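Structures given as structure tokens follow.
Shared chain: subunit A. Partners: subunit B in the first complex, subunit C in the second.
Here is the complex of A and B:
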């Protein structure tokens, strides 16, 4: 099984994926990333519209445009947000692993709670 | 992603509600791309996590997937808005940026500071009057205003005294009595307010007579 499949299946199963996704969406909206990406998309679409009108090549697929947009969107994420999210994901993934050991779990849960309270 | 539709199955454990469970899972070799039990998924994951390299890979993969999902979502939303024309509606058109205007005789918006007086021609005296002053001018001109009535009365009494003929005088007298009544009424001593007749002269004439 590939890493990606396993991770996807597991996180969807435990409901962690939606939790992480919500957290990510909130952070990205707060830091203005969403607006930047919207602007980026708008600019790309305008360029394509203009170019399409000129060269009559208006049948650009969504996928092509998406493959253009996604790398740029990734670079737009602020470092702080990225680091925070990577930490959170790592914590969430590993806390489920160590379900047997209570102390470790408690510590991690406390850390999580503190983190969310601070945020 | 191997998300499948919910199918209730008595063999499944409590956590499984989001996964379809094919009863013949024992026939499938483990690690295939078919459906698996929850426990299989969990155990695979745990095994994966133990390896730190794999864990890093998993974390990065998950992060990137989620960011890509968010970006694509925004992109599709923008595209749909653009297609329906709502994007231009939402954002509006770019207005010309109005720099400060520094010309003489102009304020900073570029509007001239000269007075814009519209002139009207009075139908009575045929003079050009400013529009702002047109109504008051008409009052005095036509003799309908308060002080203009006194002015008109003075003129009439002067003209009636000077030309005291029967034909012109009769009419003038009537007019003058009316005007006299009017002017009497308008004196501060005798006000129509006390008599409570809303300023009508109907009974006043009879009284005086």
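Here is the complex of A and C:
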């Protein structure tokens, strides 16, 4: 089990995962990211439709759309949003660390096990 | 408009019913309780690579989790399974269509699960797309004219006629109308007046004012109805004399607050009897409005903060803490003699002085609750919670036994202001206390006679000067170089409840 898996499991278990997800969705909506990405998708679809009219092949699958939009959408996420999320996650994890040292020991064991497995 | 998914999903539901979807959604997408979260954190990982990562799909035909892309699709292809559930947002995916699908029945079940999850985690429901009600749809259809707000547009700006030394009112109204949260509230027509006599309700009058400001008309407005209402409800302001803008601001908030509470209680008693509990917000707020002397009206939501006062006994170091709600922060400008310090030059100086521990002296001994004796003590203010709009009142008018005077010294104030240093709990990294200046009320003249004007932020980086019926463009430099009497700051990042 990797560190990120442990973090994933821990945040799911405490419910923080869901709260972080909400926060992210809210921030992305507020800053207009959602609208920008929607526009991006629309433009790609329109382009493809025009190109498709020429080549008579206008079917763009969801997967194709996602692969095309994802890198652009990632760069559109404002730094302030990333920073805020990072801060929140850090606080949650440090709170967990200070809550009980027992938990912390377990985590370290997990990391070690994983290290040997990988090798 | 009801959505029914695709033909694959329809035949899937016919064969398997909605049960699998409901269980998988409740356990692995929405996690409705602790048991669900435990199950998800242990079992919900990709069967291909073991990853617990971000976008997992669950097959709805058999027990299988897989990452987005190759891992889940190879399973669906191999087993000839069509329907999968995307777990981070709970969207249905059909491999047959290679697309996300939308089914209104499933969505109803999903909404129930989201509500259960929110309740269990004591969080809000998260962002939900706007679904217009039947009434809103009809309104949109009936009113086809749309107004687009572009940069450099004057919509939202109206001059205000001076009705005889009413500039104190005009500048406060300009500041209030340009308060983003307040305009959001009134422009979305959220005030539902319970009282039959709406012409007596100040909130209705302000609601009407917002409509007037944004009507597109450019002629100056006359606030005689508002003035009349304020005179009726705050008798000490009645008469044709020049009043203090700060006093008027506080009185207006007070009357608005009282009318909101009144309208709500009347509205609730009415809706309870008719049994139309369609509005979740109002029923939620009613239960919490009775606690801690703070209500949930729009004025309190926007303007009320909490001041913490710590009195420390000098003998035993026992701390007694009290909390007081506030609508604004009044700051002394004069050179202080009682507890040292220098004459403040900036807003931050003023706040530092305001939040500094003050020795109460031997003449003012307070009974300490810890050591049960009268002792000398120190008192310190800090900000427990901040409202979404923080208004600072620079006490430029000094009334003392000897002399009444106006302090016209220049106090520098910032555009962007992080209030974290003045909070009671500074290390709370969850809080974000950054504010931006959006209105400044100025007074020119002497203590006896003078004139009020206001600078307001019209759009991002666009400032205007409101001098009664005259509205002119202003630069940020002009705003910051002005004397400043009332300063209005708006919170940058709003928290969700």
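Methods note: the second predicted complex is superposed on the first by the 93 of 119 C-alpha atoms of A that agree within 3 Å, B and C clash if a C-alpha of one lies under 4 Å from a C-alpha of the other, contacts with A are read in each partner's own complex, and residues count from 1 in each chain.
Here is the rule we use: contacts are C-beta pairs under 8 Å (C-beta built on N, C-alpha and C of every residue); 3 or more make two chains touch, one makes a residue touch a chain.
All of these numbers come straight from a predicted model, not from anything done at the bench.
In the overlaid three-chain picture, which partner chain does A:3 touch, first (subunit B) or second (subunit C), both, or neither?
Touch partner of A:3: subunit B, not subunit C.
Report for A:61: first if it touches subunit B alone, second if subunit C alone, otherwise both or neither.
second
Who does A:22 touch here: subunit B (first), subunit C (second), both, or neither?
After superposing on A, A:22 lies in contact with subunit C but is clear of subunit B.
Per the overlay, which chain contacts more subunit A residues, subunit B or subunit C?
Larger number of subunit A residues touched: B.
Kindly classify A:70 by the partners it touches after superposition: subunit B alone (first), subunit C alone (second), both, or neither?
A:70 contacts subunit B only, not subunit C.
Now for A:31: first (subunit B), second (subunit C), both, or neither, which partner does it touch?
Neither partner.
Should A:42 be classified as contacting the first partner (subunit B), the second (subunit C), both, or neither?
In the superposed model, A:42 contacts subunit B only, not subunit C.
Could you tell me if A:86 is touching subunit B, subunit C, both of them or neither one (first, second, both, neither)?
It touches subunit B, and subunit C stays clear.
Could you say whether A:13 touches subunit B, subunit C, both of them, or neither, answering first, second, both or neither?
It touches subunit B and subunit C both.
Where on subunit A do the contacts with subunit B and the contacts with subunit C coincide?
Residues 4-5, 8-10, 12-14, 21, 25, 62, which sit in both footprints.
Using the touch definition up top, name the residues of subunit B that touch subunit A in the complex.
Against subunit A, subunit B makes touches at 1-3, 15-16, 18-19, 31, 33, 36, 38, 41-42, 44-46, 48-50, 54-55, 57-72, 74-76, 78-79, 82, 87, 91.
Any idea which subunit C residues touch subunit A in the complex?
Within the complex, subunit C contacts subunit A at residues 31, 37-38, 40-42, 44-45, 50-53, 69, 88, 98-100, 117, 120-121, 123-124, 126-127, 429-430, 432, 493, 496.
Using the touch definition from the top, list the residues of subunit A that touch subunit B in their complex.
1, 3-14, 17, 20-21, 24-25, 28, 34, 37-38, 41-42, 45, 49, 62, 65-66, 69-70, 73-74, 77, 82, 85-86, 89-90, 93-94, 96-97
Which part of subunit A faces subunit C closely enough to touch in the complex?
Against subunit C, subunit A makes touches at 4-5, 8-10, 12-15, 18-19, 21-23, 25-26, 29, 61-63, 84, 87-88, 91.
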